[in-house]
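So, here's a batch of structures to check.
Both of the next two complexes hold subunit A, though its partner changes from subunit B to subunit C.
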Partner chain A sequence: MNIAFTLPFAVIVIGAFLAVTRSNILHAVFGLAISLVGVAGAFLALGSPFTAVMEVLIYVGGIAVTMIFAVMLSSVSSPAERGGFLRKSLAALVAGLFLAGGSLIIVNADFGAGNHLSTDAWSIQAVGRDLLDRFNLAFESLSLVLLLAIVGAIVIVRREPVLPADQDDAPEEEAA
Partner chain B sequence: MTLEAYLLLALLLFSMGLYAVLARHNLIAILIGVELMLNAANINFLAFNYFLHLDPAMAQIIVLFVIGLAAAEAAIALAIILKLYRKHQSIDVDAMRELRG
Partner chain C sequence: MSQSITDYAPQTITELVGNPWLAMPMAAGIIMGALTVNVLMLVWAERKVSAWIQRRMGPTEVGPYGLLQTLADMLKLISKQLITPANIDKPLYHLAPLMAFAPVVGAVALFPVSRDYVLLDNDLGLLFVFALGGMAVIAIFMAGWGSNNKYALLGAVRSVAQNISYEIPLILSALSVVLVVNAMGGSTASGLNLSHIAWVQSHEHVWFILLQPLAAIIYFISALAETNRAPFDIPEAESELVAGFHTEYSGMRFSLFFFSEYTNMLIVSMLAVVLFLGGWDGPLLPGPAWFFLKSYALIFVMMWVRWTFPRLRFDQLMTFCWTVLIPLSILNLLATALAISVL
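Let's turn to the complex of A and B:
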């Protein structure tokens, strides 16, 4: 077996299993982080070190840490799982059917010739050139989307003023 | 390894994410499932591009866009979760019954 495939495979599956099954939500977030490190390893094995670095930076360094903050801020005193078994078994049935059907399709499909790319075609230079050339509009729109998401998140979690003491600045912030 | 191996890995990851979205009560756990599904799609993009000799940089750029959009989505979702927690003192999806859904 190829170690470049099996090692990320094992890390991804173990991490995702932890993320999906642990009832303690903090453990689930750590499982997600482990799984995402495995995904970065798979990206590396697929010849794309740049996206692997971005995966670790943004997902593990950004999203997982933000989730941990949200867990701490919402101090989960997890309620008793009501009707847990039926729900879990139904979900497992649906996911298992999806897995079985998908693997049947993948095994029977013909994807054509499988020749590798040369590694220099995957260079960071090509990505950077295309980001600022062919995909410039999408790139800039993505930055706009991120800015709007940050502003929107701040507006959503902003506490409503309890007393109508300072009416002068509240309507302006709503308009912004 | 072959393309099929990577596709099966991505399918397994996607199924686990689907299970989390369907089975979990906690909103943050559901968000974790969505992130797993997005990562499965990313693995598929890179695997197809690597093995089928397509455009040199296209898959990497798509993956970068997906990662960026996932970051924006996580920020918004976590803000909504915090707001719901303040309102209901709970982030159990079964407690969100105001719309009788």
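Let's turn to the complex of A and C:
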């Protein structure tokens, strides 16, 4: 088997294994980053350098860094609390079912004959034209989803405004 | 200049040597040798420039004009003991210097030093440079987190926030240049190819700093922030954080961070030269001479800025990026797109 094809997939599997087994959340994020670099390598091996570079730029440089950022801003420097046995097995059950279902669909899917390697089909021009022309609606609705996510994040972190009535009550309690 | 604009293709080292397995180590050797000399000279130049601005002498003892001072410093760093602090996060701590070092070496191969030769000619060169630059952020965070030191962690936190914020105006300002390249240089060649960007400027006899002055200014400011240089050197503000994310690194491990930092300065300057200052284009002198003359002139400006302006506060830094640079760069991009579609 071609090393150019096996190496990226080995990196993906090793990274994914690190991402799910490490209890240290930052190690898990770095495992995910390794896995994503592997995905970029797989795109490169499949003859699509543009997708590979975007994978590194967006997923490694953007998403993984954002995750690190989220870890940084939350207070998880203490060891994470461990759930009970029931909770863990329920999570494992859900994840296992998801894996089984996903694998079943992928194995049974008929992808049709693959296109032969061509630099043109995945060139930056072709991708750009498809995104803004053929898949215009999907592309724009994705931006809407991202906007909603940002607004949602702001709503979640917003503190409740302190009502004047509460302020009146508080000093009395302290005094008493 | 009879060559038409679309069939320009510089020779790569693989084409020159004929064998990719021979060309790869050769290119790596060329890059490593050039970068080592570059870092040694830049550290010396930084000390001389700072001395000159502060009316001091700078290094004078080792070699003529103190030229060999950094060589002596390098030998000292190589022979120093590697101190490993207690209770570090071992894999992250040990991998971080390598993670910081490898991407910058890779990015250097993409730059068109002259009209006819380039180490690696890639249609996505600009994207590759940004993608590799994004990986540096992860290395900095690995170092800060792995060191088990609050100053290192604070430095890393600041650095990550600063880098991902200033990446946006950096890429947006480069993108408006790509639009201009694509409008001028025909649709067949990629506007992301660094050789092509330089070639179009030489062919059309216009440097893009004249067409995109605002983008050039935004790019330069963001580049200062991306390389963690003063007035944006908040991640390693020595009066607050000892040395920021590399506080706990000594000897060669520290040198690797230092190496990548000074190489990053060269990379952003070379990218600015390619995007805005015509690359190797210039009269009389050969291409590589112009290319490096322009790059080092920009580095001199970066040093000049560093020793002239005081450090910003962190909130000033972030507010400046999100309320001034990003809106301006988006407006500039829209205006460029509008101008291209009208003209």
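By definition in this document, the second predicted complex is superposed on the first by the 120 of 176 C-alpha atoms of A that agree within 3 Å, B and C clash if a C-alpha of one lies under 4 Å from a C-alpha of the other, contacts with A are read in each partner's own complex, and residues count from 1 in each chain.
Simple rule for what comes next: a contact is a pair of C-beta atoms (placed from the backbone, for glycine too) under 8 Å apart; a residue touches a chain by one contact, two chains touch by 3 or more.
None of the values given here were measured: they were computed from a predicted structure.
A.B. asks: Counting touched residues of subunit A, say whether subunit B or subunit C comes out ahead.
C.D. replies: The larger set of subunit A residues in touch belongs to B.
A.B. asks: Just to be sure I read the superposition right, which of the two partners does A:70 touch: subunit B = first, subunit C = second, or both, or neither?
C.D. replies: First partner only, subunit B.
A.B. asks: After superposition on the shared chain, which partner residues are touched by A:56: those of subunit B (first), subunit C (second), both, or neither?
C.D. replies: So A:56 only meets subunit C here.
A.B. asks: Figure out whether A:33 sits in contact with subunit B (first) or subunit C (second), or with both, or with neither.
C.D. replies: It touches subunit C, and subunit B stays clear.
A.B. asks: Could you tell me which stretches of subunit A are touched by subunit B in one complex and by subunit C in the other?
C.D. replies: On subunit A, the overlap between the subunit B and subunit C contacts is residues 50, 54, 62, 66, 69.
A.B. asks: Any idea which subunit A residues touch subunit C in the complex?
C.D. replies: Touching subunit C from subunit A are residues 24, 26-27, 30, 33, 49-50, 53-54, 56-57, 60-62, 64-66, 68-69, 72, 123-125.
A.B. asks: Which residues of subunit A touch subunit B once you look at their complex with the stated criterion?
C.D. replies: 2, 4-5, 9, 12-13, 16-17, 19-20, 25, 28-29, 32, 35-36, 39, 42-43, 45-48, 50-51, 54-55, 58-59, 62-63, 66-67, 69-71, 73-74, 76, 78-79, 81-82, 87-88, 90-92, 94-96, 98-99, 102-103, 106-107, 111-117, 121-122, 126-127, 129-131, 135, 138, 142, 145-146, 148-150, 152-154, 156-157
A.B. asks: Touching subunit A in the complex: which residues of subunit B?
C.D. replies: My answer: residues 1-9, 11-20, 22-26, 28-29, 31-33, 35-36, 39, 42-43, 46-53, 56-61, 63-65, 67-76, 78-83, 85, 90-92, 94.
A.B. asks: Going by the contact rule set out above, which residues of subunit C touch subunit A in the complex?
C.D. replies: Subunit C residues touching subunit A: 89, 91-92, 122-124, 127-128, 130-135, 137-138, 141-142, 145, 157, 160-161, 164, 167, 187, 190, 192.
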